[in-house]
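Next, two complexes with subunit A in common: one pairs it with subunit B, the other with subunit C.
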Partner chain A sequence: MFLINCPFCGEREQSEFKAGGEAHIVRPKQPTELSDDEWAEYLFMRKNIKGVQFERWNHIHGCRKWFNMARDTSNDQIKAVYKMGEKPPVK
Partner chain B sequence: MKNKYSIFSLIKNAFSYHENWEKAWKDPAPKKEYEAVIIGGGGHGLASAYYLAKKHNMKNIAVVEKGWIGGGNTGRNTTIIRSNYLWDASAGLYDHALKIWEGLSQELNYNVMFSQRGVMNLAHNLQDVRDLKRRTHANRLNGIDAVYLNTEEVKKFCPIINTSPNIRYPVLGGTLQRRAGTARHDAVAWGYARGADEMGVDIIQNCEVKGIKRNGDCVEGIETTKGFIKTKKIGVVAAGHSSVIANMAGLKLPLESKPLQALVSEPVKPIIDTVVMSNAVHAYVSQSDKGELVIGAGTDDYVSYSQKGSHDIVEGTLNAILELYPIFSRMRMLRQWGGIVDICPDASPIISKTSIKGLYFNCGWGTGGFKATPGSGDLFAHTIANDEPHKLNAAFNINRFVSGDLVDEHGAAAVAH
Partner chain C sequence: MSNNLRFKTSKFIDETYRVSFKFNNKTYFGFKGDTLASALLANGIHLVGRSFKYHRPRGIMTSGSEEPNAIIQLHDNSSRTEPNVRATEVEIYEGLVASSQNCWPSVNFDIGGINNLLSPILPAGFYYKTFMWPASFWEKYEYFIRKSAGLGKSPKVVDPDIYEHNYIHCDVLVIGAGISGIMAAKMAAKNGFKTLLVDEKSYLGGSSIYDNSEFSKINNQLTSSWLEKEINEISKLENLEIKIRTSVAAYHGYNFLLARESLTDHLPINQRDNKVRHRLLKIRAKKVITATGSIERPLIFDNNDRPGILLSSAIKKYIDLYGVACGENNVLFTNNDTAYETAMSLIQRGIRINAIIDNREQVDSKICYEVEKNNIKIYKGFSVVDTYGYRRINKISIMKLSKDGQTVIGDKTKLTCDCLGLSGGWTPAVHLFTQSGGKLKFREEDQVFIPDVYPSDQISIGSCNGDFGLNEIIKNTLSSLKKFLNIDNSEYKTLEIISGLNQSKRNIWLLPSDKTIGKTKSFVDYQNDATSKDIKLALREGFRSIEHVKRYTTTGMGTDQGKLGNMHALGIISETAGTKMGEHGTTTFRPPYTPLTFGTIVGRNVGEFFDVFRRTPIHDWHVKNSAEFENVGQWKRAWYYPKENENMYQAVQRESKAARDSAGILDASTLGKIDIQGTDASEFLNRVYTNAWSKLAVGKCRYGLMLNEDGMVYDDGVTTRLGENHYIMTTTTGGAANVLGKLEDYLQTEWPELDVYLSSVTDHYATISVCGPNSKKIVSKVIPDLDYSDEKFPHMSFKNAKIGNIKCRVMRISFTGEQSYEINIQANFGKSVWEKCMDAGKDFNITPYGTETMHLLRAEKGFIIVGQDTDATLTPIDLQMDWIVSKKKYDFIGKRSLYRSDTIREDRKQLVGLLTENPEEVLEEGAQIVSDVKKSPIEMLGHVTSSYYSPNLKKSIALGVVKSGKNLLGQKLIIPMENKNINVIVADPVFFDKEGKRLNA
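== the complex of A and B ==
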């Protein structure tokens, strides 16, 4: 259990949120031209990082808005919270 | 040759106050080179090494383990064994394991306390009833024992269940696999370690893998905290840390690692002599030989390697347990813990070669790997030794995520993932 600082609502309990998996996976622009390998890469393959990972979260029991987060998956420490469409923080 | 464990060896050692028992496995320093190296000294990894030595005559092999053997998910699971899976591929895989379980204590000369006390899966709504009946039929077509029970039969089999129609999710029926049950998790790791050690396998503990050395498309060895080990075949059985090892080799896997929690109560007298699982309300319970209730909770939905889960997951499980078993309302919980499980998108495992020659992965067991330990080891050993899968694990190759031929056990497994 940890606290998440929703960019729209402020600090709330993690149980109010839904994790949406790895962030910054870009939807293919030309889906019809993708090979099976490229589809597998887009749909299934994940970095699954032990360390700082960029991920999407949704405040489903609050404002219901999506946002991004940088979180250390080895100890659940949140490093940064940033809005959808923004670039991931460098540090 | 190790001394056989028996009533006679027990009596003999009693005379020397049990101070002269032979060590069950040695603590060797790693050699410079092995024929094959297994990364991960849990049940699956030790079983893989055991069958490589026993069935494929590969004796010059090692198991490297970051911590101590059986200290990861092998020691953290809820020890349930069953094979009542829906799809043919899964049924073949898990029943292969169950058949090995049935003779495992004798084979290893090590009591793994395999207890075929039955596993019951409950239905709480009309869709559950239909799904479970379908699964019962599918199981029987695959030669796996399964019966469907109505509410009265469920109550008769496990009298402490609250079968009142007035609870939030009433019990409408259930399935029963009588051959299913539990085993002692530590004993499985220790038994395989002892057996593998006897055949000459080096079990190297406190040895963390730091890198995988490649030469083009072949593996050359592993960098560890105890130095470089040369080998042409690497079998990775690292459970929640599979992606971490894969990244070292420049591979990406279709896995997400998440915390899965379990808890045990204070020990009490025998009260539940079977395993009862409920998919819809996500609660399952059995009783250990020590008398503790062993309760499995669910996974969190975020990636984490912290071996800690969220409290609301435990709370949800205990709510469900209390509604199904009001008799437990005053039980106190003794311990709670988390393990990191690696989950595939289709909730089925990967026992497979990879695009890198000599690199094999046995991963993706998610929330249900313990039951498969002997079968997983046997089939993984076959895959490593022959560089080809056995027919029972051919469907569980890594390429299924490209071809689309998934083994979708998400809803079909006995507990929601």
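== the complex of A and C ==
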């Protein structure tokens, strides 16, 4: 069970949070101008890597805020948490 | 009790306190302080169970949680009965009742023993191979297998005990209170760390607390005496909490651990009432010190499983801690020095040792010389090749080992004995370390896996770290603790340690035999009856990974997770395959370390707390009026209200008729309600719903459909514009939390520029829906100050109103197709307003109806229920709801997906109405829909999603999804059922009042 440092509330237990999939996938501003393939790329394609992965998390039983997390999927070490719209502070 | 076996000199046994207990229906006596195992051994009982597969007689093998054989059923036939309990861990108390498992009819005569004779045809994978084919045979085998196999009986009645969960936060957690754990706890606590020390046993000190050997001393004191003073000292430390009978079950990431504290298991039953039995501790530690010790290895040779064969260290513990001799004619079989400590303990008590068989050619430590001086015959360079005796060992045969240890040579010598102690060296207990994600390394010189890479702030010390001599343990414990805790003062300045043991070992994973391997039974996993032969067979059949070998042979798959034999399995694999240890992987140890009862896991979440439910403010009224309830999400919703002898069908028919003929009333409080405010609220709704919202006037309501980004229908509901920048959205009952989550997600991550605020107000309001031709008359009696004319208060509009002094909102919206009014009022007034409506409706036969009638009424109108008529594969176009998808809006969630090549296919499943040829025949929801039953295979076109008998139309109606359904209007389809085919005609999904005249009637 992770300890997650919510950027708004501080360190809380994982059970207060919900994972929300890969981060930094921006919804296209003009979806109607995309081909089926381009739209499918946005809609369906997600990374599943062993190593540092950038994820969205929601402090669902706390401040309800969404934020980003860089987590090493091989050992669950959290490398960084940062707010929505911010660039990842680690590689 | 045999006086020859009990030595009343142990300070851990209270010989003034005699305890009687029952084992297999016979009464025995032991003393306070005994475990069930030590008390049985004191009574000369070794045979306690039968093995799982071959039903071989098995005895007590160990003295702790690693026990594979002596697993018993505790508390026969009572609500507390518990299978698979280790007799070596059960502390006896007056009135304890236990019995053997795995035997029928009795442990001494067991029908399943015939499996032992059949064993040549029961090799590894036998069950897989045999019962795979023909499949129908399985049913025949199953009865016999179930009867003769299985581990114990599970309780059949409610557990009377109380369990609870506790959170603990500490700076330092020390697991294991052996000598290094005690030292660690003292150093941590004295240096200002808030420390918790836990040990699974009922006493502190581990095996050192009964180490009275002259050959291992600290500061010229016996180890046991020195340690006793240490324990005395730490028990007074304020910074230290000590928990005994507390077994760490799981070590997760981020130093989160689960431990079970056992509080009443050692008490007589009549002292357990109203006390918590187990506490599941959820421990979050900043630092963890693992000092879990090590487990002695058995030796693997032919027939190494007879009752009377124990680990050598267990024999020592039974003597030194419990004052119990395991036998009167002992033989020890070893490949290292520790068996000589057992020998010295036996010698001190004057217990006979017939011989020591030592794999090593050279034996040259002080303790070995001392044993030899006592005229004990030591067979150096020998190995046991066989054992004899059915219910108890009575003889062994030994042979000389060849130089390379691969074969046995020379003559066979037979020796008598009633107890054989095995010592194959030690395996560090790294279970918790690996659970935490730690990586092991293999140490060649003594063939052990030890901790290498730590995944969190933790350290392993003592013999679980691979330090086995007293000297190394203390020296390394001190130096690594100083570093780990970052302290100078170790509390231990001058410790002088004497250790008479040498660490030499002659490790042979599978000892050679004079027989071919096919003729031997050398058990690697005692509990699951996996032999060396099985492992070699698995390798021959091509299995390589330890995880595959494990599953194929079931090695390590028992309740003990192979604590004794896993290393030997790995050793035999690497020897046979000619690879390095660890190359095939080490098996994964999974939580829990020792089994937990379900009671411990669920804690207080039992009975009505198992799955808590939500009640509407009107719930009590429904109960009083004999409603049946259904679970919707977490809610209890009134399902229907049966009168006298009505069944569900009759009640629903009556309710449905009444709602259309005069008036019905529904508790709709469970619908999700989200309050939406902000200057961009309209724009926000435009983006999340498929239809347009900007032009909705204040005071008006609109139905909205919400999609996922993939174009599939996600939720629906009516949203009302309360003010210029203020809306209230309703969602489905089950979808409320997810919809709010989804909206928050878009607001925070995709459209942070929008000025919109969302609040869940589901619980804040009670929602009462009154419908039917007389609804206006009823609601106007409850709220008289409103103009109810169709011009002033038309369908799909809302009014602020008051009932007495209480503000409320009245929406004129309808899910039934009837004229209806929905009153939303502060939750705590819900019940009284409901009663007011009932009162006002008396003259109009106002009829409370539940969810089932609601579903029927909306089905007559062809309104969908998201989640019943839809799953996540239907677009609004598939639902024939094109009218709600705005063509003008540039974008909304899911819009782009509505014209993907897949979503524009003509032959997608589409929602249609279905009418049975025989109007009295009601379809089954979920039934398949086909067009041709003769074609093979039959093509499945779709399925029935909703089906009812409509009392208003006096015929059966149904909704379903059918491939190309829109084009099949008027055509005949078939619903094939078990014993008949039902003909249906595809129809328009709106069955009743297509023009919507009744809304304004």
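A few points about this structure:
By our rule, the second predicted complex is superposed on the first by the 89 of 91 C-alpha atoms of A that agree within 3 Å, B and C clash if a C-alpha of one lies under 4 Å from a C-alpha of the other, contacts with A are read in each partner's own complex, and residues count from 1 in each chain.
Here is the rule we use: a residue touches a chain if its C-beta (ideal position, glycine included) is under 8 Å from a C-beta of that chain, and two chains touch if they have at least 3 such contacts.
These numbers come from a predicted model, not from an experiment.
In the superposition on chain A, A:Asp76 makes contact with both subunit B and subunit C. Applying the stated contact rule after C-alpha superposition, one finds that A:Cys9 touches neither subunit B nor subunit C.
After overlaying the two complexes on the shared chain, residue contacts for A:Asp36 are found with subunit B and with subunit C alike.
Of the two partner chains placed by superposition, only subunit C is touched by A:Arg27; subunit B is not.
Once the two complexes are laid over each other on the shared chain, residue contacts for A:Met45 go to subunit B alone; subunit C is not touched.
When the two complexes are overlaid on their common chain A, residue A:Met1 makes contact with subunit B and with subunit C alike. In the superposition on chain A, contact is made by A:Asn58 with subunit C only, not with subunit B.
Looking at subunit A, you'll find residues 1, 18, 36, 39-40, 43, 75-76 touch subunit B in one structure and subunit C in the other. The residues of subunit A lying in touch with subunit B in their complex are 1, 14-15, 18-19, 21-22, 36-37, 39-41, 43-50, 53, 55, 71, 73-76. By the touch rule above, subunit C contacts subunit A in their complex via residues 252-254, 256, 284, 437, 455, 709-710, 741, 744-745, 748-750, 752, 890-891, 895-897, 900-901. The touching residues of subunit B, when paired with subunit A in their complex, are 241, 243-244, 247, 252-257, 300-306, 308, 310-312, 342, 345, 401-404.
Across the complex, subunit C is touched by residues 1-3, 13, 18, 20, 26-27, 30-32, 34, 36, 39-40, 43, 56, 58, 60, 64-66, 75-76, 84-85 of subunit A.
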